């Protein structure tokens, strides 16, 4: 167990030391989200209407770009070999790294969402719903992402392939995440959607580490 | 001059042989664009309204993901060193690779746009405008992108930085590209926007190869 | 490795000069800020159409001006760094970037806070605001580059290329209001034919601008010093490793 | 304590690298794996470490196949590949400390002293030279000890002084009943080390 | 025809790799650059090839600094780094043909025969072994000839037969008044080659 | 008192004016603090190394060899 913790702690510390990691993901999120208003034009009612979708897609895409951080660096410098050989089961090793990724790459996105939501002039309760939905749904992004990351680790230019593998699997989260927020904006009960997202997170939590571990075993061969 | 041509020919041939390159970019484009209808819901009027924006942003992002193809592979296998040492000035070498990138990665996007546009139920004249705008504006994407690609080539995980550097500079293209299409849809003259896009392309054509060359010189050090 | 330090001979002089200026800069900043804020909050009258909100101008406009002028300053020193290979030029551009980013952010925020009462919304996607946002992103990208290279001299040149490309954006910001019809105020102070606004507003605005400028100078000196010493620290560490 | 490899075959990208390769290693022994580039030295070591599945054949620890009881083999060996598993932004000490924690050990200062790293222990690995990195990586052998050492190019980019230092460590290890499997290009002429030449193996097959 | 290096200094990531390094090379000479890993062999060769700017000092071709007239130096040398600049999806012939076109030459078949590649010339480089790749890369020396050869680790992963083949090519080249600058770990004991040991250079500074 | 309230109220726009000033104050203040702290940190790390070098140089000059 303490090995599990020490691995998470180490990944977080690495992210903090590198620093630029945080800022760059955040800035991409901001840029990607701001592209849309630019694209669809400034009318406020439209913005309000598409706000949740834009934010969710923005979160999806920025999360996507950070996925290679989960395993790539460790693969390149041989740390991954060592991690796989350690006495911590590979599944838990993968889970630890997924958790670290979620904490360092996804949570910051959630925290900055309100500001962007305002600029897309989303009503206040919509904003709360947005953050809640992200909080409950975003673990799925890291979890599923880890599988793709594991499969593409060590590929020269795996980026596009990674997105092809992962994005389709993100779609359910997107749909229910947006549904939750829109429900909240329309002052309807958003409970069911949130529960669904939570369910997905739990399901992914069970399946993904196993799949990711399998992928990693291939990768280090 | 024939060196210039032979370089373009070689890059195109490589893209064709690898094959997967095309398909993956295209499919990312499709996925990214289809995410939006899912995100913002199926109402047709909304879709029509945001169609141009979504298509342009989709094109931007997929182009973004292909940028590392411009120089990365040649950097990794040392071909870039040789290309820089050749008697063809580095600026023209960069330009040749930019042209090849545009032909292999961007033109395919333009060609399948109509299909996607229809699925976002965009009116016919809008579709033509879209393709024209893309045709005139998209060279800027490859040109500006080449600078970012040159600056981040050889970086371990330059992806996020690349997008952070490049996307802001894409914004003007996005704005006027969308404006052109919307003008066409609203049956207004779209001439001025198209001209502006053409202007940007010309300007970029002058500046970007030089900047990219400078970036490459320090990349190979 | 004694050799390495020669490159930082002039930094030594540079450091002496700056630390001589530093206390004065600090004092001036405090004084100007005190006066400026007093004028801004108590003396200047409320605007006949904008009401009290006009007071936002005194933090908004100077911030916006700093945002642009700092970027220009970075572009110039980066160019010198590229041409004359003077390390201090690069380092000063690097040191200025975070300050510029902060001012840009402030211009954006205060602007939005002004926008709500004036335009009825915090944000619109017009040319001025958008180009300002791009400026903010350029600052972020610039800092991103410095963070991503482990070879500092390479990072300097890479960052310089970005700044110089991005410099195109500054005139766009400046003249966007004239080229496109935007909600945003057209220039009324920095215009060809002199200021067009009443001195009761102009004076505090100018005082605040001066205050911000000297504030920039103060922070800038601190940061440049940090950069130079940090670079020196790196080199000495490496030197110790050699033995 | 013994390690045995039986009829190992390695296939990489549909190319047979080596086949029918067998050897056995007992406590106090060193096996030096030789062969030109691409002969399969690294591949073999990765197989023994369990990172690469043999196309056929099996690896036995104490006579029982490692695929049958992995846990028995687990923690019995320490694999050092030719890359350094070190993070540039962490100091040598921090890096070692993490690996020690991760393998359930504690103290790293001993390891640092043994490889003469105290002076630079707290400067980030990123600015270290290849040799210093290598030594930091080798220090893991001390900070997380194990009976079997699997070493891929352990002395590349070490100069003679440190090569000798490493040899002492290695000999101490086998002297107290440890065993080692190492692949190097240059001959370390170690006392009582046996050779395994992959080129001949390949030829013979 | 002569190449001269004067007081070159190489700084990598604020670390001085070597300094005050000078040498001169005349027609018919070979200079063998030695040094342990990280000594700066590759860096030096890249400097001579003009890929890496010296922190100070200058490189002269025929007595005039190459920074003053680059065009005079342009095309006078052929640089072969330790990576193979070959595309896996193209055949050996296609790869060579492109580089020939790019440097304004035409015929590659001679080069292929000289390095005994005809048999495999038309199979994609991707499935070649390390040694075959290396030879294809070396064939560029023949297909796009130049008076000065700059070779980084030219024989790594070549077995003895092809090492000799390469040595013949090299000696033929210098015999007809060419010159060569090469960095290898192993001694090729070439006739009339001078040595440049970077470790000593560094020490002396 | 009422004047103070009026002042804080800013003719109904207090909710916008004060945040504007507040944000400016906070951001700039924290920028100063961070910059100074960063500088202090570097100086702290630099001090021992510098002294170490000085002492070594003195030794070297005593033994009469040069840097």
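The chains carry the letters A, B, C, D, E and F, assigned in the order they are written, with residues numbered from 1 in each.
Note that in this section a contact is a pair of C-beta atoms (placed from the backbone, for glycine too) under 8 Å apart; a residue touches a chain by one contact, two chains touch by 3 or more.
Computed from a predicted structure; not experimentally measured.
**Q** Moving step by step between touching chains, how few steps can get you from subunit B to subunit C?
**A** The fewest touching-chain steps linking subunit B to subunit C number 1.
**Q** Kindly list the shared contact partners of subunit B and subunit E, in label order.
**A** A chain counts here if it touches both subunit B and subunit E, which gives C.
**Q** When all chain pairs are ranked by how many C-beta pairs they have in contact, which pair ranks first?
**A** Looking at every pair of chains, the most contacts join A-B.
**Q** Compute the centre of every chain as the mean of its C-alpha atoms, then state which one is farthest from the centre of subunit E.
**A** Using the mean of the C-alpha atoms as each chain's centre, the farthest one from subunit E is F.
**Q** Call it same or different for subunit D and subunit E: same when shared residue numbers make up over half of all numbers used at their interface.
**A** same
**Q** Roughly how many whole angstrom separate the Cα centroids of subunit B and subunit F?
**A** Using C-alpha averages as centres, the distance is 43 Å.
**Q** Report the inter-centroid distance (CA atoms only) between subunit D and subunit E in whole Å.
**A** Distance between chain centres, rounded to whole Å: 34 Å.
**Q** Can you work out the whole-Å distance between the CA centroids of subunit A and subunit D?
**A** It comes to 37 Å between the two C-alpha centres.
**Q** Would you mind pulling out the distance in Å between where the CA atoms of subunit B average out and where those of subunit D do?
**A** The answer is 47 Å.
**Q** Would you give the residues of subunit C that are in contact with at least 2 other chains, written as numbers and ranges?
**A** 130, 137, 140-141, 144, 148, 150, 234, 237-238, 240
**Q** Mind pulling the residue numbers of subunit D that touch at least two other chains?
**A** Residues 127, 129 of subunit D touch two or more partner chains.
**Q** Among all residues of subunit F, which ones touch two or more of the remaining chains?
**A** none
**Q** Throw together a list of every chain pair that touches.
**A** Chains touch in the following pairs: A-B, A-C, A-D, B-C, B-E, C-D, C-E, C-F, D-E.
**Q** Residues of subunit B touching subunit A in their complex?
**A** It is residues 24-25, 27-28, 31-32, 35-36, 38-41, 46, 49-50, 52-54, 56-57, 60-61, 65-66, 68-69, 72-73, 76, 156-157, 159-161, 163-164, 167-168, 171, 174-175, 178, 182 of subunit B that touch subunit A.
**Q** Which stretch or stretches of subunit E touch subunit C in the complex?
**A** Contacts found on subunit E: 9, 11-16, 19.
**Q** Under the touch definition given earlier, write down the residues of subunit C that touch subunit F in their complex.
**A** My answer: residues 2, 46, 51-53, 55-56, 59-60, 63, 98-99, 102, 105-106, 109-110, 113-114, 116-117, 215, 218-219, 222-223, 225-226, 229-230, 232-233, 236-237, 239-240.
**Q** Okay, in this complex, where on subunit C does subunit D touch?
**A** That would be residues 150, 234, 237-238, 240-241 of subunit C.
**Q** Under the definition above, what is the set of subunit D residues touching subunit A in their complex?
**A** Residues in contact with subunit A: 46, 49-53, 74-75, 79, 81-87, 89-90, 98-99, 101-104.
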